[in-house]
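Have a look at the structure below, then the notes.
So that you can tell them apart, the chains are marked A, B and C in the order they are listed, and the count of residues begins at 1 in each.
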Amino acid sequence: MSFEFAKVTVGVIATLALYSVLYRENKFYRLVEHIYIGLAVGFSIYALWKETLEANWWNVMVGKTEVAATATSPAQPSTPGYYLFALLIPVGLLGYTVFSKRHNWMSRIPIGIILGFWGGQQLQVFWQTYGPQLQKAMKPILPTTTNSVFMPSSVALSPADTTSMSAATGLTPDALTALSHNFRMSTDGVVEFAKQHSVSADSVQGAMAAMSAKVGQEVYTSQAVSNIIFLITLLSVLTYFLFSFEQKGKFINGFTKLGRWLLMVGFGAMFGSTVMGRFALLIDRMYFVVVEFLRDGLFKGMGG
Amino acid sequence: MLSFFAQFSAPGYSPEVFRNVWITLIVGFIFVAALSFAPTKLRRPIVWVATFLAGLYYILIWLWPTPVNLTDSDQPLGGVEATGRWLTNAQSGVSSITQTLTAMLLGLGVFSVLRLHTNKLMKKQKDWAFSLVLLLSMFTMIAVAYTDYYQNQNNPKLVDQANWGFFQYAKDFLFDGMLQAMDAAMFSSIAFFILFAAYRAFRIRSVESTVLLGTALIVMLSLMGLAEYYLSKGVIDRITGGNPGHFMNNFALAEVSRWIETNVQGPGIMALGWGIGIGALSMGLRLWLSLEKSGGN
Amino acid sequence: MEKLLNINRYLMYLLLALAVSIPFFLPSSCTIIPTLTKTSTQDLYINLMQLPEGSTVLIESDWTVSTRGESAGQFEAFLKIARFRNLKFVLLSGGDAQAPQVALNSIARLNSQFKAAGLPELKPWDDYVALGLFTDPASMWQSVTTNFRQAFASKTAFDPAAGQQRSVYESPVLKNIKTSKDLGMVVIVTASASLDIMVQRMSGKGTKIGQMVTGVMAPESLIYYNSGQVAGQSGGLRGVVEMETMMSRGVNYSADGKEPFVKAPQFSGKIAPLPESLKPLDRGMSYFASLHAALILMIAAVVLGNVGLLMQKKKGGAK
């Protein structure tokens, strides 16, 4: 049996043991569950030293000696040892007084330091997180044009637009006018148009992008309606969670009810996405059992 | 490194640094021992000072003017620039301190598990055999992983699997073969419960549940690439004749689900986030200023 | 009708296990599913593919095998792009003690794939440096933005040419990076709230951020994308499939002059597909048919439960 196959086999046995709880709790499940916790805790102890404490504490505290240059590498200068970092041991160990009835107040010192660092960052974090979101939530709710309800596929070009687009893309004013009647075309349409007007497909694409950008500067009724829905959702959900004052009156009650419904739309979407996430984990595990173990391992005779 | 700590440094790995580490440790433990005799009314202020000073650093580094383009060789002009530079230089030292303290406090959880199961084993309580298995697994993992790490430090060639010895195989077996497989199995089993719970409880009983169900179904359909592709490209393209400018393109499944995502789901979650953010901010300030009533008594 | 409301739980478990397993046996021609790509995923991919060759990306890998179904595909998609574009990367973790080892195992898996395809492997020190776990990622990110050259001052890595441990700042990956603004991009592959910690400290500081998150996190983290705090997002298994679709079909790209499969109107350029040797369609697409089957089963279960309830109500049995 190869090492890789042995690893997969043990993984499959463990998987089946843990899945056996789907039927009912049993000794096999509990045995593997305890092995799992033991291994996880053991690995955490190892990782805390190897990944964090060694580099961030030990090496800083004791420093490093100078390494002389060799034929392949330059000299490594020594780094000093900041021995005051040794104080972190007694301070850190204060956390363990939580198990002492008499001295457990002292555990709040290291926890307080960590919480203090966290608390001090919150002002900065708040503006950094929600500032840009507040800014983006300020959307225009009035249409700037009534020419079309939806974003149109045609655009009225002014003589100045035609001149600048013609200079930028190489299309003649006539071609631009023809294109302005429908500037959203499929690739086949673009090729056909380019052939008709003896220009390159890329320049047609460029003109289409310019027209699209011009149209995109306007707020159309459909976009304004979407923006209003966005704002209503935001405000009604916020109102639903306002507990600082009593929510009285028909309007406020109706608005918070709407907030609850709209929140359900959000939760529904989150549910769909969560289901995908959870199923993806199961699919991966079944892939491990069915493909990696059975198909590619056992049946291919890899284990031989 | 933190200029404050530079005053307390010695050549790396020298007998001097180790001697000073020991002295610092002894002083530290004496200080802790003295602290344990602090009168009750002083306890809260001690915790308050420690918390406040820690938080003050991050408040200052955010609000204090930082010198622009000040290189290491430049002399700061005045106290404001000097303080700004000190705060900036202190950041990596502060980071090392918080990494270390957090790691030590994470050890509390480990210690708690160890204490619980050792007690169970010593007192031969119910299911003590499982505790024995847990402790055995834990110590095996620690022994194997540290030995592997030690060997790797002394022989970098062990990174290559072709040069592996017993401990490298053992660590890979325990970590990749067992721990990771168990971790994955544990989390994946939730999918079974979700399916059955949705079948039993996801019912149209009110407006709220109907809205939730309707949206969930649209989103689940849109997550299926095939369904979304054919309900967008297939059906809608047949109606529009493949014209990208056609009005009906707005009703393709992909467009509808994106619209919900942007205009209803997004602001709903955003509003929730703002509420949580304000809560975190007020909690942060209360903790920093030790306004929490239960702190330090 | 009663039966509709009382399907045995074990039968449902079995059906789910079968539904996700059977598609693994379908021929690959049936499991390559045409998938539309979201603008958020397009932006992530375009940003990564537009990075100048040799750029350094800082990637936070905060996933373990518990979310391999989603996160491994995302991490490996990044590694393939890094290989193709010759990007260098700094690998670190801020959420889980197991995450650094899992990321290294994932690199090893891809390296064996690259080796088999005759491609150069991703080499530690030259192509990437692994900085391990930061138990307090908040202060680490704070250091990255305020004083980059000191943020990882205590970290060393093995330089194979020199035969010794050296400061990571001397590696080809970091030697030219003076501040966080010199980084090509910061990418996070995560299954936890470490995303918030990073975005809260890195956004708006002059470095583009890309997020690769699990399905559970995708809706809430999309807010960061919508508000411009991050440059792109890949969410869950569907996000992996979208990344793989772009890797295999390109963006605004068509070899035969026909309609490009992936059209990104917000991007004026073209991106060609990745070479077949990089296996652009990998983990995501292998699982996608199973996801379809599972979601169909889910929808059927919900519909069945509600039909049963409605029938019961009609009969007057429900309160």
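By definition in this document, contacts are C-beta pairs under 8 Å (C-beta built on N, C-alpha and C of every residue); 3 or more make two chains touch, one makes a residue touch a chain.
The shown structure was predicted, so the numbers you read here are calculated from the model rather than taken from an experiment.
> Looking at chain pairs A-C and A-B, which one is connected by more C-beta pairs in contact?
The comparison resolves to A-B.
> Please identify the chain with the largest separation between its CA centroid and the CA centroid of subunit A.
B
> Centroid of subunit B to centroid of subunit C, CA atoms only: how many Å?
Chain centres of subunit B and subunit C, defined by C-alpha means, are spaced 18 Å apart.
> Go ahead and note the Å separation of the Cα centroids belonging to subunit A and subunit C.
9
> Report the inter-centroid distance (CA atoms only) between subunit A and subunit B in whole Å.
15
> For subunit A, write out the residues touching at least two other chains, lowest number first.
Answer for subunit A, listing residues that touch two or more other chains: 22, 40, 43-44, 48, 50, 52, 56, 60, 114, 117-118, 121, 125, 129, 133, 137, 186, 266, 269-270, 273-276, 278-279, 281-282, 284-285.
> In subunit C, which residues are in touch with two or more of the other chains?
Counting only residues that touch two or more other chains, subunit C contributes 13, 16, 66-69, 98, 101, 134-136, 138-139, 142, 154, 163, 219-220, 223, 226, 238, 291, 294-295, 298.
> Got the subunit B residues that touch at least 2 other chains?
In subunit B, residues 1, 58, 94-96, 98-99, 101-103, 106, 175-176, 179-181, 183-184, 186-188, 191-192, 194, 198, 213, 216-217, 220, 223, 261-262, 265-266, 269-270, 273 touch at least two other chains, as defined above.
> Give every residue of subunit B touching subunit C within the complex, in rising order.
Interface residues on subunit B, with respect to subunit C: 1, 58, 61, 66, 88-89, 91-92, 94-96, 98-99, 101-103, 106, 156, 159, 161, 175-176, 179-181, 183-184, 186-188, 191-192, 194-196, 198-200, 202-204, 213, 216-217, 220-221, 223-229, 232-233, 254, 258, 261-262, 265-266, 269-270, 273.
> Quick one: which bits of subunit C touch subunit A in the complex? Just the residue numbers, please.
Against subunit A, subunit C makes touches at 10, 13, 16-17, 20-21, 24-25, 66-70, 72, 93, 97-98, 100-101, 132-136, 138-139, 142, 154-156, 159, 161-164, 166, 196, 199-201, 203-204, 214-220, 223, 226-229, 235-238, 254, 257-260, 265, 268, 286-287, 290-291, 294-295, 298.
> Along subunit A, where are the residues that touch subunit C in the complex?
22-23, 40, 43-44, 47-48, 50-52, 55-56, 59-60, 67, 70, 72-74, 76, 114, 117-118, 121, 125, 128-129, 132-133, 135-137, 186-188, 191, 209, 212, 266, 269-270, 273-287, 290-291, 295
> For subunit C, which residues count as touching subunit B in their complex?
7, 9, 12-13, 16, 33-36, 38, 64-69, 98, 101-102, 105, 108, 124, 134-136, 138-140, 142-143, 146-147, 150-151, 153-154, 158, 160, 163, 219-220, 222-223, 226, 238, 241, 288, 291-292, 294-299, 301-302, 304-306, 309-310
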